[in-house]
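Two complexes come next, and they have one chain in common, subunit A, joined by subunit B in the first and subunit C in the second.
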Partner chain A sequence: MVAYTIRRLLLMVALLFALTAAVFFLFNMLPGDPARLTCGKACSPSVIEANRHRLGYDQPILTQYGQFLGGIFFGRTFSSDSPQPIVCNAPCLGYSYSRHQQVLTMILNAAPVTFWLAVGAFVVWISISILLGIFAALNHGRWPDRLVMGISLVGYSLPSFFIGLLLIFFVILKFNWLPFPAYVSPFVNPVGFLKTMILPWIVLAFLNTAFYMRLTRNQVLETFHEDYVRTARAKGLPERTIVVKHALRAGLTPLVTAAGMDLAALLGGAVITESIFSLPGLGSLAVNSVLQSDLPLITGITLFSSTLIIFANLVVDLLYAFLDPRVTIA
Partner chain B sequence: MATTRGAQEALLEVVDLRTHFATADGLVRAVDGVSLRIRPGKTLGVVGESGCGKSITALSIMRLIERPGRIVSGSITFDGQDLLRLPEDEMRNIRGNEISMIFQEPMTSLNPVYTCGDQIAEAVSRHGSLTQREAAARAVEMLEQVGIPDAKRRAGEHPHQLSGGMRQRVMIAMALSTNPQLLIADEPTTALDVTIQAQILELMKALRERNGMAIMLITHDLGVVAEMSDDVSVMYAGKVVESSDAITVYDRPHHPYTKGLLASIPRMGARRERLDVIKGVVPNPLNLPSGCLFKRRCPYAMPICDNAPPLRLVAEGHVSRCWLAPDGGRPELGEAPSAAEAEAAALTLTVANP
Partner chain C sequence: MVGRSLREIIWARLRRDRVAMICLVILVVYYLIGILGPVVAGILNDSPYTLHPDLISEMGGKPIAAYGGISAAHPLGVEWGTGRDILAQLLFGLRISLVISTVATLMTVVLGVVIGIVAGYSRGVTDNFLGRLMDLILAFPFLLIVMSLSGVLTQRLTQLGVPEGNASRILYLILVMSFFGWPYLARIVRGQVLSLREREFVEASVAMGAGRRRILFSEILPNLWAPILVYATLTLPNYIGLEAALSFLGVGVLPPDVTFGSMLANSVTYVNVVPTYLFIPGTALVILVVSFNLLGDSLRDALDPKGVH
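Right after this comes the complex of A and B.
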């Protein structure tokens, strides 16, 4: 298990290398001149050329990539030959000239918002889907099952911006039950935090509950017909123990896989939900970086999100072995 | 009255049990009027082909019939109480405690995600007041009792790390961990190699001697029944067709179906080149013939077989659902007793002398 983890971690590093190359070259092939973005409208060609040199955009692309990688491991200094050099310590993901901030700083500022959004929504949707999924499975084929599955189908079909706008319109604008979202840290103002996050949580949860509810229901129904569930019944166990401990537990593996990957993807930014509720998370940051053709920022966010997903993959695989002892990890 | 005497003797008495399945194609009468009796500490072998209702009878006794199946009528008296009238939570206290069950498929009957020790301990602590540690110790002790070497280590292993025979031992250990009065074993050796089969049967015999429990042994294998049983009930198409003590059934079978089953067993030293087979197939449960269910396959079939035969007393402690005369000869016209009369005789039957 330890050897496996180490091997996977090494593999992960290799994968990240490949990823940096792909992201870096792909985004550098985009049309548009990054040097042009460094100064405003009243920019003379000589200033642009000067900036191009200062940022290293006049270097061959491989050299630029080398500098980028070097920045991640050892840090780097931008505009080193100017009077005010910008020192970017390792791990340096670059410097955004349109915002005049270090990419890593911007990501780290946005990440907590996305983190709370993702984790909160995750808790809501997992608990609701497992409860309703079991409920539907226990009432298989009867009206509660059909009702729950029907609602889930509706939830599945509605796009998140539609649900989001609907909620904003009724809950915030029409009935004034909640103030318009303005993010505050849960450590500063927990009540304000909850008031801001509850609607985004609902939107994200709604979207995912549909899928997870179906998955839970089908897994429980499937394991219900397993011989070992009959054995559990023959032992005289109460129904709750049979459902949770025997049927759900043994059918949990696909649920964990899907949940791990979905959570990781969300942690990399929930673009639509963050935009609707003006939450300053990674999703909003990503949208803005694209709109502004902020190449260093786009590269940085992509790298950050991909790292999360690769890492989640590893965690899910390790959990697999933990959840299902038949899976040998070696 | 004989019934009273019978009730005192029986640990489990099933009377006229009917378990039906409402399928999309129609009503399947999987168990249709089965009566059985199991004496304390004795073994009843229930024999029949696949689909004759043996397993459904067992699951009915445990009240583990799932939709679309339903116990339609009958009574199941265990230790003086009618299991079919018990509330579910009281039934749960009997399941796995006073009546335990082991199944045909040891490969799939244990939960793959828990260790063997945990699964035994779960049964122990469900029905006792032991601490977790004591239950775990009891699990190891049970694994030792069923002859699993290095029981302590095995208790910490998951089912997939054990062979089929070992898993069936674990199932037996689990079933017996609560000292049940009755063990229902549904084809316990069918999925195992022949040598392992013999070991498991020996184990069950030894544990029966030690614990003094009764066993309901369900099998299609008359050899296994001969090895283990005191009494035998033969089932066909959802009904008991013959019932007696084991020796009588083997030496003087009355029902043509039982005779057919016995003739299809290979015997050492027999000169026959081919085994006898029972011609034809089991009737379609959705479309049962009228009258005797066995008549289309029966070498003795006669006109009276268009009427369903009742379970009739053919000798003391020996009943058979056949119109043939008690000595096996053709009945004389008008000799057949009325169905009600014969059924009453069968129900008062004391299967054998204690």
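Right after this comes the complex of A and C.
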């Protein structure tokens, strides 16, 4: 287990390096002048040149990458030769000239919104799908099973933005059950927070519930055919113990993998849901940064989200190895 | 009992599955409409590019007839502000959606299968390298990357000689979807190949001196078509939804062309007054995607020898 963990950790570090390089070069070697994008339409050539110099865009691309990496580990200073240098402490993901803010600050400001969105949705979809999945498996082949599976298939097929639009149309516009979403922190206004988040949670949970319900059902069904379940039955254990202690425990390990990865992907920003409900999270920040061609911000968010995914990959793998010791041998 | 080939067994199972057959018919109709859409629009004597200023009010451009301008000539209504026919938009939009999702699925399958087979069969360094490459690609936040690269890469495609405008944008969508989609299939294929390569028929083929390419593509590949087919049927609707989502976010197809996604995006502004703008393309999209998913599901059942799921 220890060797396995070390191997996985080293792999993660290597992957992270490859990722920073891939993201950086992908975004910075593309045609187009990044310096031109640092200020709006009323932008004089001298300002562009000044920004180019301040952001280091006049340096060779490899030097820029070195500076970028250095910024992450040791921090860096933008426009150091000007009267007002901008100090960016480690981990420095860059500085957005179009917004005059540090990229990391913007990400950290948006992160709580996305965090609450992702975690809330996660709780909703995991609890519903495990319950319904087991319910379907226990009624395998009968109508409750078919009903649950049918709903799940339709749910899986509905594009999330369409569900979002339907909910907005009916719940908010038509019947006025909820006010228009306006994000507030749960610590400031818990009721307003719930009123805003409930629909986005439903939208995100909807899509995932469909998938996890089927996964749970199929896993539980599969374990029902295992020998140890038959043994448990033969021993005369109560059905409840068989389902909860034997079938579920072994059957739900694949769920851990999938759930970890999906949660990580969500924490990196739920682009569609956030933009439909105008939640100021990472997804919206990303959309805006793209629309404004804010290169440092795009690079920063992409890196942040993919780091989350890689990290989740590691956690999930280790967790899996812990739950199923056979993995480490491979 | 007369011996039947695997294909015959599966086809027989599918034909007994009423849901699968209904879905198959729906999908054939959708594709026919996609192919014949312009002809149909021609018969209706309309196109999604024809403006009908006479059907909308002069102030604000609201369709004059009720429910978004529904009339005998325009059974699904007309667009706010331009008076373009919604039915014609649907017919043409379906075509674009199907072209993008179908071509992207084909490319994903080809890439995923080839790379998956190579990785699984070669093992060692090649497998390791390809595996890490897949990890890297899967670690990218897909929607973010697609959005952020769309501007520059579309421009690049135009420079390479692809016609400007939506041709470049459509090609871009196809390319990114397949580029970020293949690792999922490659993983499945790799896993299958790992066990297939140990089987006797491969060993026999090696003993007879068959070359690597022959073993990979003539011996191993034919055993993989079941998972590949199921994967393709389930990927296609995913791509349809994805294209719609991207057009919805504004990085897909641009006006005057439309797709389901852009129609839905436009509907947001007027949904309170003209709900049909939301429901018409939404329903068309959902029927298409549900049919594909149901068919893929039935196919998986038909191909599953255990028949448990």
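Just so we're on the same page, the second predicted complex is superposed on the first by the 319 of 330 C-alpha atoms of A that agree within 3 Å, B and C clash if a C-alpha of one lies under 4 Å from a C-alpha of the other, contacts with A are read in each partner's own complex, and residues count from 1 in each chain.
Convention: contacts are C-beta pairs under 8 Å (C-beta built on N, C-alpha and C of every residue); 3 or more make two chains touch, one makes a residue touch a chain.
All of these numbers come straight from a predicted model, not from anything done at the bench.
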Room on subunit A for both subunit B and subunit C (clash or fit): fit
Touched partner set for A:Ile198, first subunit B, second subunit C, both or neither: neither
First (subunit B), second (subunit C), both or neither touched by A:Leu173: second
Following superposition on chain A: angle at subunit A, subunit B versus subunit C, Cα, nearest 10°: 80
Touched partner set for A:Leu147, first subunit B, second subunit C, both or neither: neither
Contacts of A:Thr302 with subunit B and subunit C, given as first, second, both or neither: second
Contacts of A:Val315 with subunit B and subunit C, given as first, second, both or neither: neither
Touched partner set for A:Glu222, first subunit B, second subunit C, both or neither: second
Winner by number of subunit A residues touched, once subunit B and subunit C are compared: C
Distance of closest approach, subunit C and subunit B, by C-alpha atoms in Å: 13
Where subunit A meets both subunit C and subunit B, residue numbers: none
Touch list for subunit C against partner subunit A, complex: 132, 135-136, 138-141, 143-145, 147-153, 155-156, 159, 237, 241, 244-245, 248-251, 264, 267-268, 271-272, 275, 278, 282, 285-286, 289-290, 292-294, 297, 308-309
In the complex, subunit B residues that touch subunit A: 62, 64, 89, 92-97, 100-101, 103, 105, 108-113, 122-123, 126-127, 158, 160, 171, 174
Subunit A - residues contacting subunit B, complex: 226-228, 230-238, 246, 249-250, 323-326
Partner subunit C, residues of subunit A touching it in the complex: 11, 14-15, 18-19, 22, 26-27, 30-32, 153-154, 156-162, 165-166, 168-169, 173, 218, 221-222, 225, 265, 268-269, 271-272, 275, 286-287, 289-291, 293, 298, 301-302, 305-306, 309-310, 313
